[in-house]
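Read through the structures below before going on.
In the two complexes that follow, subunit A is the common piece, with subunit B as its partner first and subunit C second.
For the complex of A and B:
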């Protein structure tokens, strides 16, 4: 399991994360929400070991997170791939280089679920749409059944129907394979519908961690209530009963 | 791929044709009477108008620009560079002798440049911003700021005059080539170090690398598939330009170190307005450039298939 224990991260002179603690069990989904600049991307970078915490520790089953080979779905789909190589190369390089195992029908199933026709993988990133590139990013992350996946705004580049199908595919695979998913998103509707817990980040601190039900019905903090009400007003969330 | 190579070759031919025309036009229109210059180079004294007229007719300067250009360019198509206007000797054998001094010097200069710059750039990028990196950048900047003629004189002063380890002039033994090759090589090393260093740093900063690295792709595979091909493209571009610097530098270095070669050959030919000799050097140099750039373009396409494509 993922354990983030009192982690602070400095970026230059300012402190980007202040004493963050959270945990995530296999098979569970934690959605991290918050406004731009709240520290969401810094949290992902710290979990991946790209930024060193100035205080605290981040572990997966007691070991550094990199030991579990976490998969990452990046926010910017175009920059998620080597532009000179085919998408197929990018999808399979983690499999072949990491000597990971892939079931025979997995590529076909994932492509079907993500609405990607197989020939698309022979193109380079510049020759597909942003939405297609985002779905190939999800394909790359899930192809070799990772134990832990970090999703950075996974659905932001997709249209509403594809968002729905992709979210369902991720949820189905998670049910079958039991990977832990940490999803950074602005989309409160997606977080409420698919996460087991929602962590709200504000100015580098966790404002509140709660289940979607509690977040919708009776958030403790003023900030969470404001977030919820704004999402309801925008139509991203159903009004609380 | 074949279509794009054919396209590159056609472009190369246009460059060569343009070079031939430009060289001939520049020599033709340069101030002063070319026939007089040739006559003076031949007879080494003040010459009469009759002699100049004979020379003008003999070397084909009396038929007008386009006719003279055509009569020079036609034999060139079968690599006949003609005879020197001054000595009457065939240009090609003398040119090949000059090249046999210059090309090895340029190649050794290039080798020194690569041997110095590649390890220096790799050491520098181990810890970007560290003291080794700053030192490497400082050395490279210093090297780029020093002109070849000054570095050459400095090396002569240190290694020939004060230490008396190496000869300063001539080309009789391999030891005579050390200082000229160092003069050329250190200049090349300076610019290559900077470009290899920045190429590696830029390639390592590609945003998709953390995702595949954390997923288990080894540093070796990342280096081979993502860093080296990305870093190699600007390095190749500069290497192509360095070929220009090497030949241009070799000409200057030969004169500083009193070595025979293309430098002396070219300077003597320009002073005498020896059209066939000057044109032969320029055409051969242009041919070399075009070939080097052609090879680099083909390597570009192998490293990054997007280059030269419609959707690139």
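For the complex of A and C:
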């Protein structure tokens, strides 16, 4: 399991994360939400070991997180790929480099679930839409059945129908394979519908961690209520009953 | 003056991604452009902007990705000055302080290059540039995709106030039907490079006629539906 224990991270002179503690079990989904600049992307970078905590520790089953080969779905779909190479090359680059095993029908199943026709993978990133690039990013992350996947805004460029089908594929694979999913998102509708817990970040601190039911019905903090009400006003969430 | 274009089309890698399309947009129109991923929404937005600018209309464009609007080698101050010049404004004529304050990016350092700003701040900076003048049309492509709900609501509120009573027309390109339901009076639905339905927002959401519109309307609140 993932354990983030009293982690603080400095970026230049400022402290981007301040004493963050959370945990995530295999098969579970934690959604991390909060305002722009709250530290969500910094948290992902720290979990992946790209930023070193100034205080605290981050482990997966007691070892450094990198030891479990976590997968990442990046926020900016097109720039997540090498522009000079085909998407197929980028998808299998990590598989080849890591000598990872891929099930025979894995690519076909992911393409079907993500509504990507196989020929699309032979294009370069600039020759597909941002929504298609985003789904190829999800395909790349899931191709080798990792035990832990970090999703940074995985559905932001997808239409409602494709969002639903993509969310279903992720949920089905998670049920079958039991990977832990940490999802950074602004989409509170997705977080409430699919996460086991929602962590709200504000100014580098965790404002509140709760189940979706508690987040919707009776969040403790003022900021959580503001966030929920803004999502309702935008049409991203149904009003709480 | 009505903005009119005809025969807009686009191809990529030998494939037609936008079939010949004609549009007429009246002053003050609020139009939403929706459709599946890859249906050609952003392509239509780009081609429309180019065609109208070629007719000497003023068009502000907020692309889907701030990377498309901001040169990574130039400071944010450079981009701001460039936008003022493009609109024929004197340096400092746009009320940068008020726009930045409304969009909550007043803390951004204009001496920095884009990559020193968060993605959400970059997106709001591009929206601020689009709002500095009074163009004939503003095309906003997924303007809130990188924003949290609080900032997104404030940004859309600023847009509403800015455009209220204005002759500037707005085209909102988005996959978020909740967003368009409250902010545009007309909807155009795209499917495989074609506009397959163009009607009032209410009609399309409540009585969609084409199959793509029916599918979209049925999935408006997909997260509340069983997978």
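Quick note on the criterion: the second predicted complex is superposed on the first by the 241 of 241 C-alpha atoms of A that agree within 3 Å, B and C clash if a C-alpha of one lies under 4 Å from a C-alpha of the other, contacts with A are read in each partner's own complex, and residues count from 1 in each chain.
Simple rule for what comes next: contacts are C-beta pairs under 8 Å (C-beta built on N, C-alpha and C of every residue); 3 or more make two chains touch, one makes a residue touch a chain.
Note that this is a predicted model, so its numbers are computed, not measured.
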- Query: Is A:1 contacted by the first partner subunit B, the second partner subunit C, both or neither?
  - Reply: neither
- Considering only touches as defined above, state whether A:84 meets subunit B (first), subunit C (second), both or neither. first
- Task: Applying the touch criterion given at the start, work out whether A:127 contacts subunit B, subunit C, both or neither, answering first, second, both or neither.
- Result: both
- Message: Looking at A:76 after the superposition, I want to know if it touches subunit B, subunit C, both of them or none. Which is it: first, second, both, neither?
- Response: both
- Message: Which partner chains sit in contact with A:209 here, subunit B, subunit C, both or neither? Use first/second/both/neither.
- Response: neither
- Message: By the touch definition at the top of the document, which applies to A:102: first (subunit B), second (subunit C), both, or neither?
- Response: neither
- Message: Per the contact definition in the header, classify A:157: touching subunit B only (first), subunit C only (second), both, or neither.
- Response: second
- Quick one: subunit B or subunit C, who's touching more of subunit A? C
- Message: Tell me the contact category for A:145 with respect to subunit B and subunit C: first, second, both or neither.
- Response: neither
- subunit B versus subunit C as contact partner of A:235, first or second or both or neither: second
- Across the two complexes, what residues of subunit A are contacted by subunit B and by subunit C? 76, 79, 127
- Note on the structure: Given the complex, residues on subunit A that touch subunit C span 33-38, 41, 75-76, 78-79, 123, 127-132, 134-135, 153, 156-164, 167-168, 171, 186, 188-190, 192-194, 226-227, 230-231, 233-236, 238
- Message: Could you list, by residue number, the parts of subunit C that touch subunit A in their complex?
- Response: 12-13, 34-39, 42, 64-65, 67, 118-121, 142, 144-153, 156, 175-179, 181-182, 215-216, 219-225, 227
- Residue positions on subunit A within touch of subunit B in the complex are 48-50, 66, 69-72, 74, 76, 79-85, 90, 93-94, 97-100, 124, 126-127, 140, 146
- Message: Under the definition above, what is the set of subunit B residues touching subunit A in their complex?
- Response: 206-208, 210-212, 214-218, 221, 225-226, 229-230, 303-306, 311-312
